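What follows is subunit A paired twice: with subunit B in the first complex and subunit C in the second.
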Partner chain A sequence: MTLAMETKTFRVPRWLKRHETLLAIILLIALFGLGLLNDRFLTLDNLLNQGRLMTEIGLIALPMTFVIITGGIDLSVGAIVGLCAIMLGYSWKIFGFPLPLAIVFSLFVGALAGFINGLVITRVKVPPLIMTIATLALYRGLAEGISQAHSVRGYPEWFYFLGQGSVFGVPTQLLVLLVLIVIAGIVLDRTTFGRALYAIGANETAARFSALSVDRVKLVVYTLSGLASGLAAWVLVSRVTTTRMDMGIGYELDVIAAVVLGGTSIFGGSGTIWGTVIGLVMIQLLKNGLALTGVKGDATIVVIGVALILSVLIASSLQRRRD
Partner chain B sequence: MTATAITSSANARGGLFRRLAGQELLLAVAIVALAVVVGFINPRFLAARNLSDILLGNAYIAIAAVGMSMVIISGNIDISVGALIGVLATISGSLAVAGAPIIVTWLAPLVIGVAVMAAQGAIIAYLRIPAIVVTLGMLSILKGGLISVTGGKWITDLPQNFHLADLSFFGVPMPVIIMVLATVLAALWMRNSPTGRAIYATGGNPEAARLCGVNPQRTVLMVFALHGFFAGLASLVYATQLRVIQSTTPQGLELTIITAAVVGGVSILGGVGTVVGSTLAAILIAEITSALVFINVSPYWTDALRGALILATVIADILRRQRRAAQGWKR
Partner chain C sequence: MKTSLLTTTAAAMFALSFTAGGASAAGKWDGADDLPTSPLACDASGAAAPAAAKPYDGGQPTNAPDKAGKEITVVDVPKLIGIGYFNATSKGMQDAAKELGNVKVTTDGPTEAKIDEQIKFIDNYITRGVDGVMFAANDPVAIAPVLKKALSKGIHVVGYDANSTPDAREWFVNQAEFNGIGKSMMDSMAKEIGEDGSFAIVTSTFTTPNQARWIAEMQAYTEKCHPKMQWLETVEAQEDNNLSFNQATTLINKYGDKLKGLFGMTSVATPASAEAVTKAGQCGKIAVVGLATPNAMKPYVNADCVKSVVLWNPVDLGYAATYVMRAVADGKLKPGATSVEAGKLGKLSVVNGSEILLGPPFIFNKDNVTKFDF
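Then we have the complex of A and B:
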């Protein structure tokens, strides 16, 4: 390393300067730091359990990366989680659907909720921020109105496999998340759909003139966001065994923080799934590390809020320097 | 529908009467019509006690919506205001219980409100970070900070003279006086002063505003500082009404305030709207919430209704603009 520094031709390799690589290095340092501070932290059990706990946020963070790359945002994801959890519990207990059908139905409701967001955003041209603030109120309100604050519990044993079971020692939902991470990564990096997301985020008008079906791509992206929120609701209900109308409150913060911390530009046009995964792990470690050192849950959201603002500040000042 | 079409063209400029012929008149008619219909179904709704409860209990939302309207007109958004009001209420309550002079407990929320919002405004305006990111981060900082500092303990035994909202002037209760004063002064200032017009210019087209000699960054900073002042005023009315201050942030308050601003005719695309509209809308929303109880609809439907209301208004506003733009092309 020192030898290389002395020769004038040496440049820091591009991959090392990337936001994701820097984050990964910080992440490793944080891992060892927390491990030194607390001997319960760097145990396989604890890490696997953290993987279980971060899955719901992670599932939503994948399509949120797509949404933010196109230059949009989806604040309604937490509300969709609440609505889908209620639809799952109610269609099973009250409407008398068989449980598998209830699950499919709640996933459908999630996708529909996202589709409605996308439809109004693309057809009526309501800005995504405003549309999803409105549906944040609407979807949460539907969850409250339909459930009348009653909760649903008493699911059959097999239902808990997704949220509490494990396969070869790995939490079931973490496996699901890993598979979806790989799929999302390939879609974003290796398909025309993925490239279209960057094109739309970088310059929507240019993308339109390049004959990209901008509206259809956006519609798919918001629908995916809703569908993933529905999936997260299923995982969440299975993990905590009850359905309540206030499920998923504040998820939008964790999800957006994970995506933005992972280097996806809030202005659109750049970002990676790999970065989002690191951002996600960092947020979970932050929560876990703080909890192990005795900090309460309410104080951790302060830290996440600070991390969100700082990461955008740093990213945009780096961007300005590069320009 | 024609009435609303008139507003949008009159919103930019135009006589007071033509202005009132639009969204504001529509809202006023809706407030009266709703009262008549619900009063017909359940006369107890029209009891003086209930009507004054609606007005007094929600004046703080209208006051906060004045600041929110300015923020939205300037082309920004703030989702931290609900949490801020909770924090400010707790601060002034704690000060009062700790025995601080009453004037200090009343001024503290105003000063801290301005400081917090101006800090956010500076980051948004000068560091060019989107308002949604900054205010989402601030929302969690305030919310988490409040609960971890107070441990969720309630503030009781407030001194008698703390309750500013219980005072009245010539029989008019203080919350109503503050609400009307805040609305009227802000409306006149925004309509007639160059700095007030600068808010509309910045929201309508920041680049054009800059070329006309308006400093959009300074305008955004000023708007957020003012928004902080109105949030402080709102928390003052809110806190001094209560006998017990729960030191948590009111759930979803920011959504109610945004709804009031948007339903009041503030265009979410920036550049258009009045604070008279937002105050009327705050009253209408409070009236709807109260009416639900009197026509035996579960209050758990309130949030869904609020969401539907904001969605319908936003869609109507944007469709109206598009139609106007299309007509413009033909001419």
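Then we have the complex of A and C:
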């Protein structure tokens, strides 16, 4: 009779092996480490302030997650921010719209810009990369041409509440971002629309043959991307109290870095809002923590780059193990 | 159905852009700001109408800790780091810090002249807790909220080179009177290309405060004293070397023989324009006048491509800014003061309420350019 040795193998729970969890753990370690190096870093004041500064990128990163999950990309978001910022000021000063109407108008312009992206991508079948590179130049050029480089300043006091005010101590725009994060997370996780995004990203032809309205879904996500850029433009103008035609330059790279760092595959088919949020927070707090510790500006960019590469390596090694 | 939707959308988009473009084509943009100008007299005396003394219009810090005589840590956030001009101002600050003995100055800033990045740098230093912030603004209005935040935390704020709105800083060290620069630039150009020559301007961006001020003053002075000179175009080059070169070359190709002179409004644009003129083989045919550091212009001045370079001493500018910061921290420079002691520069006078004047602009030419090393 053999004595059966009962071996108890310790199985790592699945949720621990997810990319997002690993990222969250790295984030906590980094926060802790930076907090040790600098006593101003983990103060509520600083963290809330960083929340304020990361809102513009965060707002755009939410629909960008949707776009990348479908296997597309939107490089024109920075230019749309610039265009909407200009249209906000321009329609208020030159067209004479009352300021609330000017705000709505600039959001509409953002949505329209995204809609045009989506339209050409779905109807004319131009690859998203090409189309959004083209509209990046087009929308930036429109912003320059319309504004003729005039800045618009002198907004009324109430306008600055979004960008510079706080509600119960929390920066206003951060509250808006938090609400939208929750909504985006629910949409992605619990609705058929969210499910359709994953399906389209995993296999677009199969999705089409499964009677999913692929074109309509894509149109919606690109429009949302443009709309979010318009919202980010509103927050930005409110925060810096002026409009400039070079606003938003480079945003697309920051947004995509946050989304990819959060575990969304650039090839589409996987990704979560939760991951994007962690990626966003990680980049912002890394930059801030390093700057507070005395690391000079250019070196923080190096660190962000290294973090991005490490994240992609971790994600791909997890992917390989899963397969 | 699908095609008509696409064509209508495309048509609507084009229509929108054309109407928008057309609506704004009315006002031709030339790089000047909208503030009032005060051109100097046309003759060599260059005397301006005496301006009434303006009351102090700067901001003040709240509950600034008393650091009289004690060591202070100051951060300098220029428009961007890595160009000769701000390396020179930084050197001046380090010289002053060494002389004073109780000032520690760090220069840190974005690698591109972007206002959003500059705001983030200043914000981080506020959180770190410095005693003073010195800045050269990329945008006068956008930088104001973060500077006011610094003031509210008891941090002293002194600007140099490019101003912010007056209430966002305590003092601004102005390198030269804006109308003085306007006069020097236009007089130098008129001397080289004649009273009916035509010129173009290469600037940083249309909203950078100091360049916009200088162009506005140049315009006013030209209308007053050189009315027959023709301004062709102003282009932006963002303090980027390559872009300045490309823009200057484009201007040369676009206007051909009509272009007689190029203005470089930044220390990056002027050598790049001189290079463009040299590469196009137009040395001596197209005059290049502008603001630049002597080192950058030595090859062109020695080759007789550029006759004169207008500047002030940026090393002195950084030096003076540091002395002003020390005087403010010591409580020796209060609102309403009419002058401040600035070490080897002597007594500098307060003009325009809260600006401290470095002195008249300096003209570098073939005779003296070799004497300087910055």
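Going forward, the second predicted complex is superposed on the first by the 291 of 323 C-alpha atoms of A that agree within 3 Å, B and C clash if a C-alpha of one lies under 4 Å from a C-alpha of the other, contacts with A are read in each partner's own complex, and residues count from 1 in each chain.
Everything that follows uses one rule, which is that a residue touches a chain if its C-beta (ideal position, glycine included) is under 8 Å from a C-beta of that chain, and two chains touch if they have at least 3 such contacts.
Predicted model only: the values in this text are computed from it and were never measured.
Legend: residue contacts after superposition of the two complexes on their common chain; A:316 is shown touching subunit B, with no touch to subunit C.
In the superposition on chain A, no contact is made by A:24 with either subunit B or subunit C. Once the two complexes are overlaid on the shared chain, A:47 sits clear of subunit B and of subunit C alike.
Applying the stated contact rule after C-alpha superposition, one finds that A:127 touches subunit B and leaves subunit C untouched.
With both structures placed on the common chain, the touch criterion links A:148 to subunit B and to subunit C. Contact with subunit B, but none with subunit C, is seen for A:136 once the two complexes are overlaid on the shared chain. When the two structures are aligned on the shared chain, A:178 is found in touch with neither subunit B nor subunit C.
Contact with subunit C, but none with subunit B, is seen for A:240 once the two complexes are overlaid on the shared chain.
Of the two partner chains placed by superposition, A:104 touches none, neither subunit B nor subunit C. Counting contacts as defined above, subunit A residues 120, 124, 142, 145, 147-149, 250, 296, 298 meet subunit B in one complex and subunit C in the other.
Those residues of subunit A that touch subunit C in the complex are listed here as 38, 40, 45-46, 49, 53, 94, 116, 119-120, 123-124, 142, 145-151, 153, 164, 236, 239-242, 244, 246-247, 249-250, 287-288, 291-292, 296-298.
Interface residues of subunit A facing subunit B in the complex, by the touch rule stated above, are 73, 75, 120, 124-127, 129-131, 133-142, 144-145, 147-149, 250, 252-253, 256, 260, 266-267, 296, 298-302, 304-306, 308-309, 312-313, 316-317. Against subunit A, in their complex, subunit B makes its touches with residues 77, 79, 123, 127-130, 132-134, 136-141, 143-145, 147-148, 252, 255, 258-259, 262, 268-269, 298, 300-308, 310-311, 314-315, 318-319, 322.
Residues of subunit C that touch subunit A in their complex: 2, 5-6, 9, 13, 17, 20-21, 23-24, 27, 29, 31, 81, 108-111, 114-117, 119-121, 123-124, 127-129, 139, 141-142, 144-145, 205-207, 236.
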